[in-house]
Every structure is written in C-alpha cells, then in structure tokens.
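These are the structures, in structure tokens.
You will see two complexes here that share chain A, one where it goes with chain B and one where it goes with chain C.
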Partner chain A sequence: MMERNNPKGWLYLLPAMLFLGVFMVYPLIDVFIYSFEQGFNFASQSYDGVGMRNYSFVLRDPYFLQAVKNTFILVIFTVPISTGLALLISVGLSSIKAVRHLYQTLYFLPYVTNTLAVGLVFMILFKKTPYTDGLANLIIGWFGAGPVDFIDGPYWAKMFVLCFYTVWVVMPFKILILTSALASVDEGYYKAAQVDGTRKIRVFTRITLPMISPTIFYLIITGFIGAFKAYSDAVALFGTDLNAAEMNTIVGYVYDMLYGSSGGYPSYASAAAIILFLIVLTITCINLLISKKHVHY
Partner chain B sequence: MANTIDYRKMERAAAIRRGIGKTITYLLLTLWAVMVLFPFYWMILSSVKSYSAYNAEYVPKLYTWDPTFQNYLDAFTTVPLARYFLNTLIYTVSTTALMLVVTVLAAFAFARLNFKGKNGAFVLFLSLMMIPNELVIITNFVTITNLNMRNTFLGLILPSVASIFYIYLLKENFAQVPDELYYAAKVDNTKDLKYLRKVLIPICRPTLITITILKVIECWNSYVWPRLITDNQAYFLVSNGIQYIRERGFGRENIPAMMAAVVSISVPLIILFLIFHKKIMEGVARGGTKG
Partner chain C sequence: MRILFDELTKVFTDKKRGKKESVVAVDHFSFEIPDGQLIGLLGPSGCGKSTALHLISGLHTPTSGRIYFGDEDMTDVPVEKREVGVVFQNYALYPHLSVLENIMFPLDNLEGNKRISPNEMRSRARAAAKLVQIDELESRRPKELSGGQQQRVAIARALVKQPRVLLLDEPLSNLDARLRLQTREEIRRIQKGTGVTTIFVTHDQEEAMSISDQIVVMQSGRVQQIGKPQWVYDFPANLFVAKFLGTPPINVFRGSIRGGRLFIGKDDVFAAPGLSDQEVWVGIRPEGFILDEQGPLRCTFQSLEMMGRDISVMAGHVALEGERLQALLEAGSGIPAGAAQVNFSLKPDKVHVFSRDTQVRLDWQKGGMGK
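Showing the complex of A and B:
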C-alpha cells in the first residue's frame, strides 16, 4: 500500500513552491498593491496615498490610448484572418497525401525561430530607404501602386506590416493544432457521407466543422489572449521606441512605464497591466459564452 | 447503352473536377510554403551579398553570383556577437537544468507521494497556470532590482525557472507508470529518490526530452525579461543583441552584416528543429502555447 501520509512530499515540492511563491504568488498580490499606491517613488520606495489616481492617469495618457487602439486593431484583424487562413491550409493539408508531412514540418518552422531576428528580415523586406524601395514595394509596383514606406511611413502601412508579421508568427501553432484535430475526426462519418453522396461543401459544414469546433474556439480564445499581449513583434519591426513610432501596444506601454525612456513608474505600469488583464478576462468570458452556444462537444 | 455512356461522362467530369481541385490545393499549399520560407531565404541571401553589392541594388535581386562570408566576419568582430551567444548559452543551460530539477521533484511528489494538503497544493498550482506573465513581471523587476541582481545571470535565470505547465505534463506522465513498480521498490526498501532516478526518469525520458527542448527554445528566444533586467552589453542575450545591433550596431545601413548576425542566431534553433521536429511538434500539440 502507498503510505497515507508522507510529509516528505512537501520536501519534494519545496523548490517549486519557493520559486512560485517568490516570483508568482507574491508579485501577483503586490501588483494590485502597487496599482493603488499613489505617487510611488522608486528611489525612496515611498508613496503618499492610496486610491485610483494611477488608473485615472493611465486612462487619460494619450500614449496609453494609442496603445489600446493599436492593440484592438491588431486583435480584430489578426485573430479572424490567422484562424481562417490556418483552417484553409489545414483542410488543404489533410486532403493531400504527397509532401503532406514535409509541408506540415515546414509550416511549423517559424514557431522555433527568434521573433526579433525574423522581424528584422520583415523590416528589411518592407522598408523604403534612399538606396532601395525594398522588395514589398517592388511587388506592389507591379500592380501599379506607388512606393510606400511601411516602417517609417503612414499609420495604416505600419499597421499593415504589424498585422502581416503577427499572422505569419502565429500561423504555425494554429496549423499544427488544427491538423491534429482534423486527423482525429472519425473516418466513419466521412464514409457515411460518401455513401449518401453528400457534396463536399456540405460534408465540411455539417461534419468537419462541428467536429473540430472545440478546437477552433480554443484557437480563437488563445488567439485573442496572445494578440492582446503583442509586443515583441512590434519591437522587431519598429524598434524599442514604440511611442515615437505610434505603434506601441498595451504590453509595450507597461514595459515602457516600468523601464525605458519614460520609465521608472511601477505603479502606472501595474495599473496598465491590471487594465489589460481585465480587458482580456472580459473578452475571454464573452468568447466562452458564445462558444457554449455554438460548440458541439 | 445510353446509360453507360452517361456514367462514363460523369466519371470523367468528376475526375477532371477532382484534378482541378487537387491542383488548386497544391498550388495554395506551395504558396504558403514559399511565404514561410522566403524570409529565411532572404536573410541568408542578404547575408552573403557584399556591402557594396547590396547597396548598389536599387531593385533588390533574388539571387547572387558572388557570395561572400565577409559579413559573418564583421558580425562577429564589430559587435560582441560571440559574447551574446555565450550569455544565451549560459542562461539557457542553467535555466533549463534548474527547471528540470524543480519540475521532476514536484511532479514526483504530485504523482507518487501521499501527504496532507497535496490536492489543495495541486489545485493552487493549476490555478497559477492562468496568471499572465505581464502581471507578475512588474514586481519581479522591482525585486531583482532591489536585490541588486540587475545585470547578473542570477537575476536573469531565477524568475524563469518554475514552469507549472511542465510540472503538470510530467506529473501526468509519471502517474501512467504502473504502481506495481513503486510497491516493488518499496518492498525492496528502495529510497524514493533512488526509485525516481532508476525507474521513473528512465521510463519517462521521452517526456523529459520534450520538456527540455521546449524550454531551450523558450530561453533562446526570450526577449522581454532579459531586456528589462540587463542594460549592460556584457549580459545581453541574442534577442537583445539583435535589437541593439539593429539600433546601434553596424550603422543602420550595413544590412548584410545585420543579416549575417540574424542567420547566426537562427541557425542553432533551426538545427535543433531539424533534428527534433517530431518531438517539438508533439510537445506543442499537447498543449504548448506561444507568448
């Protein structure tokens, strides 16, 4: 028999509990405290009151509002596009036999590469310099469109590159999860549909989609959460001074407040982080409510 | 007969339709493969073009007849790229090693030992999995700063050690090992730690390897925490190094040298991926997320 009570168990847990306690549980409590401490001074570790002033400062800061706007645009475009595209590619992948394994592996490659490093390549592809218009401009030139500086140019162009790169970065994960979901759909359903002579589109909407709907919703939810936390992609494309580039994200604002050219304000950073957390929590709850109605388990 | 001819026609039409469908599918899939590979091709290509050749191309060329390795020399001599590599290696190896020890011990306690409060502790661990990094990083930054551990390896490593998801993954795997082996060991009066070392770890090696690789990738690519905690170049990791190179390194125009640096820091992970792609993809499919 296994022993009923072996207190040594706690000894084995101790290292994990120490690390989690110091770097996760304590900070989690502390971040709320910070966010209510007004006029916190990093050097003297003192503050002059408790209240909502940090929140009202952050919510009125034009840089924060810019970051919120950017983040929402990014979320609204990249989540549906990447999920839809990943679904299309995964369905395509599962319908072929030759080179399927090769492509599957290939598509996953961006997942393991350094976001900052590959982002630099994207920057060069899209950047317009005195020496060259860049490859992206060469391609849109074929369609008669004029050269645009996607990195230092107009807002919509910068936003386009950011969305484009974000989709490129998140695709591997989505394709991988969707192809494994598609592979696990019971063959019997398809055989039955074949016997009934059901058309392909109908098979897709009536069998495939309902069967993988939990996976799709899982991807949408994690996609929302991930896109709300966007940061390194933007740094890779536009550099560390995201406020100057008008391309900051909410997470970027948190880090800039904490440490950066305008840094040294953990209370403002905490308030912004908690606002972000509340936004993500709300969106996730809405997503879960919608999925309850539409997902077939 | 009229009917058979009709069938033949229908079959032929269906075959043609299938053929067209297949062709379109292959075309689209190949298009995406090109989209995925192109940035990698472009970084390698640009890294072997000479500085003058690159800047002379107003219309970028998709090939070069005159590859040079000068840029790689520049990348390793003008900026301390080797230093960044060494730092990242130290950081990755120490963090992963510490993580493995902590994870194995905790997973063992959860999977094999019975003690008061175990279930409560496990639920607490699981609920911590939902906590986003952004919330805790602020206090961690203050903690590490107050401990005077900015620009040290300890400051880099310590907050990255504990990974609840890996504890969970390994605990599930440990729990699959038949209980009989544990009782047999108990009867033989084997110590828990010995049983863990001689039985559990060898049996669960595939999962341990998966966890290790995923953590290595995470460490190699980490950017946010190292950026907060280091402002001294002597402690930069590759991600920060690349960002530094981009903003101040070779002068903004020396893109070939920049690309040589980018290729150099991407190669180790690409090699790792080529060797372990099956394990990596399995591990991620079992519940990994990015970011």
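Showing the complex of A and C:
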C-alpha cells in the first residue's frame, strides 16, 4: 500500500526540489526583496532603507512608461492577430491533402531560425539606406506611397515592423499546435454534421472551435505571457539602444537597469520586474475568468 | 420509404507504394427494402455492411449502380439533401452541447422556408427526447450520461428532423450485455412507433435475428440471403449463411448422396430422394440431434455439459469438419456413464445439405422421413 507521507518519496523529489529552490524560488524571493531596498549600492552591497521608493521611481521614469506602452501595443496587436492567422492557416492546412507536408515545413521554418538571423533579414526588408529603400518600400512605392524609414523612422512604422516580426516569429508554433488539435477532432462529428446538412461555417463555429477551444485558450495565455516578455526581437531589429529608438519593452528596461549603459540599478530592475509580474498575473487571471464561459474541456 | 438498390457497387482504390489496390466493398447489390420495415444488415467484420449503410446515407458514393428512395433516384443526391438520420457507432454526440442542444442541432441547420422558430425547435426536440424516454435529462452533457442514454440521445437526434430513412451503424456494440437486450427492444419499439424505414448494421446475429423484420446476410460485399430471420435460419441458402447464423454454430460434416440416400462418412443417415449422387456438405443444427441407441449417426463420446434447461453433448465423428460436434439435448436425456460411443438419429428439418463445389443449398423431397 502507498503511504501518503513516505519519507522515500521526499528523498526522490529532493534533487529536483534542490535545483528549483536554488535557481527558481530563491531568486524570485530575492528579486522581491531587492525591489523594496532603497538606495542600493552595488559596490558596497548596502542600502539605506526599505520602502516603495524604487517603485515610485520606476513608475515615473519616462523610459519605463514608454516601455509599458510599447509592450501593451505589442501584446494587444500580436496575440489576437497571430492566433487568428495561425487558426486560419491551420484550418487551411487541414483541408488540403496534396502538398500539406511541404506547406507545414515552410510554415515551421521561422521556428527553427535564429532570432538574430531573422532580424537581419527584416533589416534588409525594411531598412532604408543611401543605396536602397528596402523591399517593403519598393512594394509601397507601387501603390504610389512615399518611402518610409521603418527602422529609424516614425514611431508607428517601427512599431509596425516589431509587431509584424513578432507575429511572424510566433506563428509556426501556434500552427503546429493547432494543426494537431484539429487533427484530433473525431471525424465522426463532421460526418454527423454533414448528414444533418450543417453549413461549413456553422461546422467551424459550432463544432470545430468549441472542440479545440482548450488549445486556443492555451495559445492565448502563453501568447500573452510571451509577448509581455518580448525583448530579443526588438534588439534584433533596432539594436541594443532601445530607449533611444523609443522601442524598449519592459524586459528590455529591466535588462538596461541591470547591465545597460545606464545600468547598475538592481533595485529599479527588480521593481520593474515585479510590476511586469503583477501585470501578467492580472491578465492571466482575467483570461482564466473569461475562459470559464467559452472553453469546453 | 421504400428503398431500392440496383446493382450497387462500391470499389475502394488505395495507392500503396505506387501500386493501386482495389477492394470491392459492396458487390452488385440488388434488393428492395419495403416501407416501414426494420432491416438488419448482418455479416462478419469487413463484409461491407457499413459501406452499404453509408451508400444509403450518402457519405459514400457508389462506383456504379443506382439507389432509389421510393421512385426518386438518390444516387447523385448529396448527403445533406437525402433526409436520412444516422446513428453512428460511437454516437458522435457533440460533447460541448447539452442533450437538448444536441437534439436541436439538425433543426438549427434548416434553411430558407424550412426554417422553424426556436420555440418549435425546442418543442420538437422535446418530443423526440420523450419518444426515446430521456426527456428528464435534457440539460445534461453527453459525458454525464450512461452509454445507453447516449445511444438514445443519438437516436433522438437522428429522428428529430423526421428522416425518410433511419440508419444505425452497430447501434449496440458499445453497450454491455444487459443494456444491449434492453436497448434492442427499445429500438424495435421506437421503430414501430414512428414507422420510419430503419436499417441497422450488426455483426451479432442474435441481435439481428431478434428485432429485424428482415435480415440481409452479407459476405465479402455480396448479399448471401435476404429474408425473415426465422426463414433464413431454417432455410440457409448456402453453407456460409448456415455457419454464420445460430449459436452454438451448426455442425458441418463431409457427406455424400448415394442412391437417393444421405451418407455422413460411412453412416447411412436417411433417405434423400430427388438428389443425384454427389459429394456434399451436411450441416446439422445442434438441436437437430436425437439420442437414440439405434441411431444411424455413430459418434465417439467426448464430454457432457449440463446447462440447466438442456444438456450439451460434445462428440467426435470421422467425417466432421472441426474438432467436435455439439448436440443440444433435453435435460434428462440419459447418457450411460463411461460410454465411448454415442448414437444419434436426426431431425431432417434441422439437417441442411449443400453442394460440395458451389456450397449452395440442395433440397430433397421431404415427406419420406425414413431413417
């Protein structure tokens, strides 16, 4: 018989718990403590008080506010667009037979490509240099619009490139997950619907969507979390000085506070990280509440 | 709705490593199903019975041949316009919809002038639920129901649009033995109540025999015999049908006709006037044996099983196909303890003779019942 509090069980769990404790739990607690230590001095490892001063600094820092704005715009646009597009493509992929595997490979390529290499490609597509306006501008030119500098130009253009890039990068994983979810829907439901004369669009909204709703929900949650944590994509496109480019993200801000040219402020970085954590927590809770009505397990 | 099959054939072609492989699932099906009957399509797995069913539903399109509902040629009519109700083997109830929503689903699909108001949908769905006696479960989800209840929901969903034909694919295979007995009576009751022409597929001969008006016995895509269950059992058209129907199965012997008498091995069992001399298969139903010390069929006794109502005797015979024969005798039939040999006389109407070559049934002139 199994014992509930078998000491052997705890022994088996010990290695994993040890590593989790050292590398996950302890740093989390440490960040939390750091965020309340005021006037922390890196060199002497000392601080002069405990309070909310780090938070009030961060929340008033225009760079942080810019980063929050950028991150929210990124999240609000890329999560619905990438999930929706991935769903469309997956449904398309599931309904073709002939060259399905070829398409699947093509759509999956961005997933296995290095972020910085992709960033380089996007630079070529969008960057304006003295010699060329970039491929994107060439296409815009056909429609009679003037060239736009997507990398060093106006804010909306840079934001567009960042969103475009993010959508493109996160899609393969979503397509992979969604095609397998679609494939797991029992053929019988579609046959039953067919016998009952259900229109295609209704089959999709009344049968397919509810059936794969747990998967969609999973993708939305992880999509939100992933987009809130965005950083390397912005670096790949706009270089390391994101504050100057007005393209910083919250995680970028945290990094800058730690190691950037303005760095050396672990307390501010910690406070920003905790704020990010609270934002993600709130959004995820809202997601969970909404999902209760629309997700069918 | 009368259903007519005219030389209906379905060939599946599959490309495997460049080679085309064809399987004839349904082979020149020609028969007529009268209006309002309950028909059992019966055969071993892989005999094409499900394919035949879905040729009616329209989920498969025939390779050749025609299919008619009444006088209407349905061969090229798409599934959704055929007005058939189908109960799938795994029921295919939508798990995210309640029982009532599941039943209403087909009605919600109606378009144009066929469209009915939500209230009427609800009342028609309720009526269907009542018919299959699940009206008190209407707000539950399918997974909260037992197998038998799910089956009823599936039947209600198939019936709610008032189909011209009701098709059931292995309707009882997912139920346990007790529920199966109960549900097959239920299917019979619902079918008689609604009068809808119903075709169901099964590999279980007992199931088919017990509730069908007529059974269609199939093998390798071909119809072997069609008729009332008892008639098919009493007059199997060929050796396959004889072997497929009946539990325990029929006992098959190598026999011959010589000089108007039927021989099983060397045993001269009875007169079979009207048959020419030839080699034959002889099938004897387990209930066709009579314990008789003077009986012509001399078998080596193997074992005895008491089964309450009757006793079952296992015995061997040189001309027997298979290991042993099984004879069902009335309880109280005395077998001497330690007997090495047991003799039987036979009930001629339980003995079926088939041509050795073609396996087709041979009939002799009945009446001369002599041993």
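One rule holds in what follows: the second predicted complex is superposed on the first by the 278 of 297 C-alpha atoms of A that agree within 3 Å, B and C clash if a C-alpha of one lies under 4 Å from a C-alpha of the other, contacts with A are read in each partner's own complex, and residues count from 1 in each chain.
By definition in this document, contacts are C-beta pairs under 8 Å (C-beta built on N, C-alpha and C of every residue); 3 or more make two chains touch, one makes a residue touch a chain.
Keep in mind the model is a prediction, meaning the values are calculated, not measured.
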Put chain B and chain C onto chain A via the superposition and say whether they clash or fit.
fit
According to the stated criteria, A:Ile207 is in contact with first (chain B), second (chain C), both, or neither; which is it?
second
State whether A:Ser184 touches chain B only (first), chain C only (second), both chains, or neither.
neither
Looking at A:Thr282, would you say it contacts chain B, chain C, both, or neither? Reply first, second, both or neither.
neither
Who contacts more of chain A, chain B or chain C?
B
Which superposed partner A:Asn41 touches (first chain B, second chain C, both, neither):
neither
Examine A:Ser56 and indicate which partner it touches, taking first as chain B and second as chain C; both and neither are also allowed.
neither
After the superposition, what is the least C-alpha distance between chain B and chain C in whole angstrom?
7
Contact residues on chain A for chain C in the complex?
186, 188-189, 191-199, 202, 206-207, 210-211, 213, 296
Over in the complex, which chain B residues touch chain A? Could you list them?
22, 25-26, 28-29, 32-33, 35-37, 39-40, 42-43, 46, 55, 57-60, 101-103, 105-106, 108-110, 112-118, 121, 125, 128, 131-132, 134-143, 158-159, 161-162, 164, 167, 179, 182-183, 192, 217, 220-221, 223-224, 227-228, 238-239, 242-243, 246-247, 253, 255, 258-259, 262, 265-266, 269-270, 272-273, 277, 280-281, 284-285, 288-291
With touch defined as at the start, can you tell me which chain A residues reach chain B in the complex?
1-10, 12-13, 15-17, 19-20, 22-28, 30-31, 34, 42, 88-89, 92-93, 95-96, 103-118, 120-125, 129, 131-135, 138, 168-171, 173, 176-177, 180, 222, 225-226, 229, 231-232, 235-236, 239-240, 251, 254-255, 258-259, 266, 269-270, 273-274, 276-277, 280
Would you tell me which residues of chain C are touching chain A in their complex?
57-59, 79-81, 84-86, 88, 90, 92, 94-96, 105-106, 109-111, 157, 161
